[in-house]
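One structure is given below, represented as structure tokens, and several questions about it will come after.
Chain IDs A, B, C and D follow the sequence of writing; residue 1 opens each chain.
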Amino acid sequence: MQVNEKEFKPTIVAFCCNWCSYAGADLAGTNRLNYPADVKIIRVPCSCRVNPMFILRAFQRGADGVIMCGCHPGDCHYTTGNYYARRRMTLLFSMLDYLGIERERTRVEWVSAAEGAKFAATMNEFVETVTKLGENKRLEDLRCKEK
Amino acid sequence: MQRIGVFVCWCGSNIAATVDVEAVSEALKSEPGVVFSTNYQYMCSEAGQNMIKDAIKEHNLTGVVICSCSPRMHEATFRKTVQGAGINPYMVEIANIREQCSWIHKDKQTGTEKAIILGKAAIAKVHLNAPLTAGESPVVKRALVIGGGIAGIQTALDIAEAGFDVDIVETKPTIGGKMTQIDKTFPTLDCAACILTPKMVDCAQNEKIHIYSYSEVTAVKGFVGNFTVSIKKKARYVDTTKCTGCGVCTEKCPVKNVPNEFNLGMNNRRAIYIPFAQAVPKVATIDADYCNMLKNGKCGVCSKVCTAGAIDYKQQDEIIEEKYGAIVAATGFNPIKLDNFDEFAYSQSKDVITSLEFERLTNAAGPTSGQLLRPSDGKHPHTIVFVQCVGSRDTSGCGKPYCSKICCMYTAKHAMLTREKYPDTDVYVFYIDVRTPGKNFDEFYRRAVEDYNVHYIKGMVGKVAPRADGTLDVQASDLISNEQLHISADLVVLAAAIEPDKSARPLATMLTASMDTNDFFTEAHAKLRPVESPTAGVFLSGTCQGPKDIPETVSQASAAAAKVIGLLCKDKLTCNPCVAHSDEMLCNGCSSCEKVCPYGAITYSDKEFRMPDRTTAIRRVAAVNEAVCQGCGACTVACPSGAMDLKGFSNKQIMAEVDAICK
Amino acid sequence: MSKVTKEQVLRSSGVNVLKCMRCGKCSATCPSYDEMEYHPHQFVYMVEKGDLEPLLNSDSIYKCLSCYACVERCPRGVEPAKVVEGIRNAVLRQSGMNHIKAENIPDMLDEDLPQQAIVSAFRKYKR
Amino acid sequence: MQGKMIARAKELLQNGTVNRVIGWKAGDFAYDITPAVFSSAEELDAGFVYNDFCGANFSKYLVKESRKEGKILVFLKPCDTYSFNQLTKEHRIIRDNIYVVGVPCDGKTDGETLKLKGITGITGIKTEGDSFVVDTLYGEKTIAKADALPERCLSCKSKKHVAYDELLGEDGEVCESNRFDMVEKLEAMSSEERFAFWRGELSRCIRCNACRNVCPACTCERCVFDNDNSGIAQKAAADSFEENMFHIIRAFHVAGRCTDCGECSRVCPQNIPLHLLNRKFIKDINEFYGEFQAGEDTETRAPLNIFDTEDVEPSIVYEKGGN
């Protein structure tokens, strides 16, 4: 395992709902709004598809931060999906915090299809926060990392 | 093991400028399962697509990864491409290396590294992709229109015109709705009854249209193309097949003091009644709240005078069930109650009326036979004050936050008609803004001012106080001359805000259609799909979607009909194959998934299973109706046992992407 | 004398004047309308424009009865009476003359005057 | 109470209301009491016991038992009835096949606890006021309940039966409970301290699965941890992450469904305070979405299966202060 001493580049997984946030990310691209390449997006139909297991899995495999983006409450393509997602993530993040995992590593942000600028700004800010925290040591499967 | 082909697109220089496409296709070549990897200038071009097709045949590919623009752009294109080469369209995954990579990163090395990771994630996912086939469900070729006002009538007529059966369910004893109560229509001033009643008759006579009047929808089951609806036909105590509508009973009935709702309580009707002369169906209805025979068994006059023998005091509510392919909500509106607006003295003075009451007072079939007379003393009013925006644009909680849209125009109409018929009358209109965006609308309003001398005053009425002499003291502000006015009026007409009918909310619940905070139905898309509800197979017609005037209502009604016809024309509906499915052997039967499903797509049943220990057991298990499921995935997370999964976005697929990204 | 700012009035009154849709119902309902040089809707509009000088120098601020009819009737929840009061307070606080001092209170006590009125006036106008 | 219960069980067996009774049976030692099914008066006389060692919650047994032929009689303590309701709500047990007799409870102890307090050679136990009087080979020993009860009984949430067909003895009331005290204490710690605390606790986990097996909310046909297709299957925790992962996922799976019966902590051979994970979820749910007690009734929707448009945003986790 080699840690780059000169610059730490975090691994960030972003779950984006197909109808709003993924489109918002596309818009950020269309408008050439920069954000760090550390962010990798996974497309899901709706934020309510995001199982807490996915988030834990990401941390297990070495993610340093996980962010979930969905339509603004009330604007869900499936009318109610993000309301359920909101409860699930609130409780999960609270639990992670309770277990002593840095709460800044997790984030939920509502990004509409028109909010390319918000998407880019959110990612810039999130990457900056996670970079400051450094490598995710408290939740990581060392066995996978060494492979 | 899949045989995967990787195709990296340059998108001209859009991708190639900041991503080393050669390096990407080279790097992905060594991923497990990848048997072919290449790059090309424009993958979406015909040449690019042919390249994909050729590679599929040449290398026996089972899965395809395309590194290109957003899947929102060309996923459908490439699915078609691979289908053309004989593999299932759902064996394609797109790695978005343009919008989410080349366009946002300036450094080529960074961009290339990220593109490779995105490609790896897509490859990892394709490994777990399974061929998906879109399901089909049949379409019942019959439509239901809920509400028989002008919106419902127009929708039904247009659907019937296209050759489909259509039923109208109307809660009142007759169809026609609010438009029957209106005297004249703006901006042409033709009489509402003259243009509406022929349409009502058309409905009655069209053999494709069936009218359930005095009926309500009580339950809706099913899904697009296949709804089952329970309709309660309320007892009217008259056999509609026998009643000829002669009206003798309505003249002989001894109960004469029933407030006539058609004239908004400004005169009376009998306990057995036909709402108005042109009612459709033209049959009598007994008002059970007032009928002596039904209340205490004493009377029976109507039965005695009815030569057709149509009176049936023992009639019961009847619930029938019918199947439909599409449902149109056309539940309409009502003026709001003015209880919160004491300052206008609506409840204190008979001479303060609503605009709808004004319509009845000027209608030839109304309580005054069309003579504009004060309700209090039956005298002709010489000074009339119209107050606009009563309860509209009100965020204080007393009224409605929205603009009711129609009041400016009908108030101009009322003012103009009054001045035309009674030139000796002074007419004042208090307005905040005059909103006339419509064809010939502003011209109409200007005519009221310029040709008919209606006094339009910018300002609001603050108080209406009845005086001892029978006049009304109207205290108002004139913002332009900056003074407070006191007008001694004989009649005050309030343009009350309109609100969705109270039946809309429970109906929306039954239809699982969404509503906004004002109880208007929401559209599937505010701009691009304005007559569809987000719930598939449910369409919106008229003011149940938002305030509208008659021309707008009719055009929306026809638009909704066009959408319904488009649906009913199909013999089968193709479903989205990326839907949830339940592994019955894992299902606990706990109903969590059912509770979070926004579409009611999940049902439970007891099924017999052969268990691993060779016994049989009856277990409660979930099943997903693939025609109804829209594939959001809420159920997959609610399911504690992992029995529920989503095709195309399965737990394993998403976790494989996570793994690929985090490596 | 320091200058009274729009922000100061907005803060002390707690009113969002941008909510006004200029219907004039406040002035239509105002019982002191004829006494006032500037009317409730003008208070709202002029504060929005930042045109405070005329209001600060006008007798209108003392003509308002604080009957709150305008607050009650406003369809947008703007609360014009509070704007008037905001201006009035600004004037009173600036003048330095009309402050109530604790030692003056005994003289004010009067059988007919509710004590609560004095207490609230004291709270409002003491420095 | 034991006599009354046996008598009533016999009656119900005899009049055909039920054909089986699930109850507690004495083991080799007085304190090692195991759940058992009795199907005759003789069996009841021979083995049925009810005393201060009868802590086991029978609700989960009914998942299987209620699917068998005939009706079964079950004795439920107040806290067990919450689990019972929750399982009824989730259609995991068939209510019609069960006859519930509610029995009162003043807290149950166990042999391990008493032994730790130096009481050995146990031959019997009875309650006298606020103390247990334990018969031992070495004579009678008295121990204050406060010293002998497990945490879940000391912070008892309810002495009221929320589901029963009949009651033996008096029904109690929902208690004022201090059960969130420890959660609050943890919340007040720094992130590092909490991490250290939980590493200290969870690293002891030997993945024996006792917590899962006893949990009345964990009744899945097949657990995700045993399902190779779930993507998270694991037989044993290979590293510190998997220790965390198992317990986080387990707690999340029962969030909004956990009745806080405390069985998980009772059975943990490593004495990991697992209930503190569940209680964190319960406390959060109460604070964010309003008071909710799983199993209180069979109708109310679980908090994770419902929402309010005005729900708090996830950022509340960051905004609540502390670190």
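One rule holds in what follows: contacts are C-beta pairs under 8 Å (C-beta built on N, C-alpha and C of every residue); 3 or more make two chains touch, one makes a residue touch a chain.
All values reported here derive from a predicted model rather than from experimental measurement.
**Student:** What is the graph distance from chain A to chain C, where chains are linked when they touch?
**Tutor:** The distance in steps between these two chains is 2.
**Student:** Could you tell me which pair, A-B or B-D, is linked by more C-beta pairs in contact?
**Tutor:** Of the two interfaces, B-D and A-B, more C-beta pairs touch across A-B.
**Student:** Computing the C-alpha centre of each chain, which chain sits at the greatest distance from chain A?
**Tutor:** C
**Student:** Identify the chain whose mean C-alpha position lies nearest to the mean of all protein C-alpha atoms shown.
**Tutor:** Measuring from the global C-alpha mean, the nearest chain centre belongs to B.
**Student:** Can you give the whole-Å distance between the Cα centres of chain B and chain D?
**Tutor:** Once rounded, the distance between the two centres reads 49 Å.
**Student:** Suppose each chain is reduced to the average of its Cα coordinates; what separation in Å results between chain C and chain D?
**Tutor:** Distance between chain centres, rounded to whole Å: 64 Å.
**Student:** List the centre-to-centre spacing of chain A and chain D in whole Å, with centres computed as mean CA coordinates.
**Tutor:** 36
**Student:** Residues touching two or more other chains, restricted to chain D: which are they?
**Tutor:** Chain D, residues with two or more chain partners: 224, 231, 304-305.
**Student:** Considering chain B alone, which of its residues make contact with at least two other chains?
**Tutor:** 596, 638, 651, 655
**Student:** Following the definition at the start, I'd like every touching pair of chains, please.
**Tutor:** A-B, A-D, B-C, B-D
**Student:** For a test of understanding, state which residues of chain B touch chain C in their complex under the given definition.
**Tutor:** 343, 389, 393-399, 432, 458-463, 475-479, 482, 484
**Student:** Under the touch definition given earlier, write down the residues of chain A that touch chain D in their complex.
**Tutor:** Those residues of chain A that touch chain D are 52-53, 56-57, 59-60, 73-74, 80, 83-84, 86-104, 107-108, 138-143.
**Student:** Note which residues of chain D are touching chain A in the complex, please.
**Tutor:** 183, 186-187, 191-199, 224, 231-232, 238-239, 241-242, 244-245, 248-249, 251-252, 255, 277, 280-281, 284-285, 288-289, 303-305, 307-309, 311-318
**Student:** Which bits of chain B are touching chain A when the two form their complex?
**Tutor:** Touching chain A: residues 70-72, 96, 98-101, 103-106, 110-111, 113-114, 117-118, 121, 514, 534, 578, 596, 598, 630-634, 636-638, 646, 649, 651, 654-655, 657-659, 661-663 of chain B.
**Student:** Touching chain B in the complex: which residues of chain D?
**Tutor:** 67, 90-92, 219-224, 227, 229-231, 253-254, 257, 301-302, 304-306
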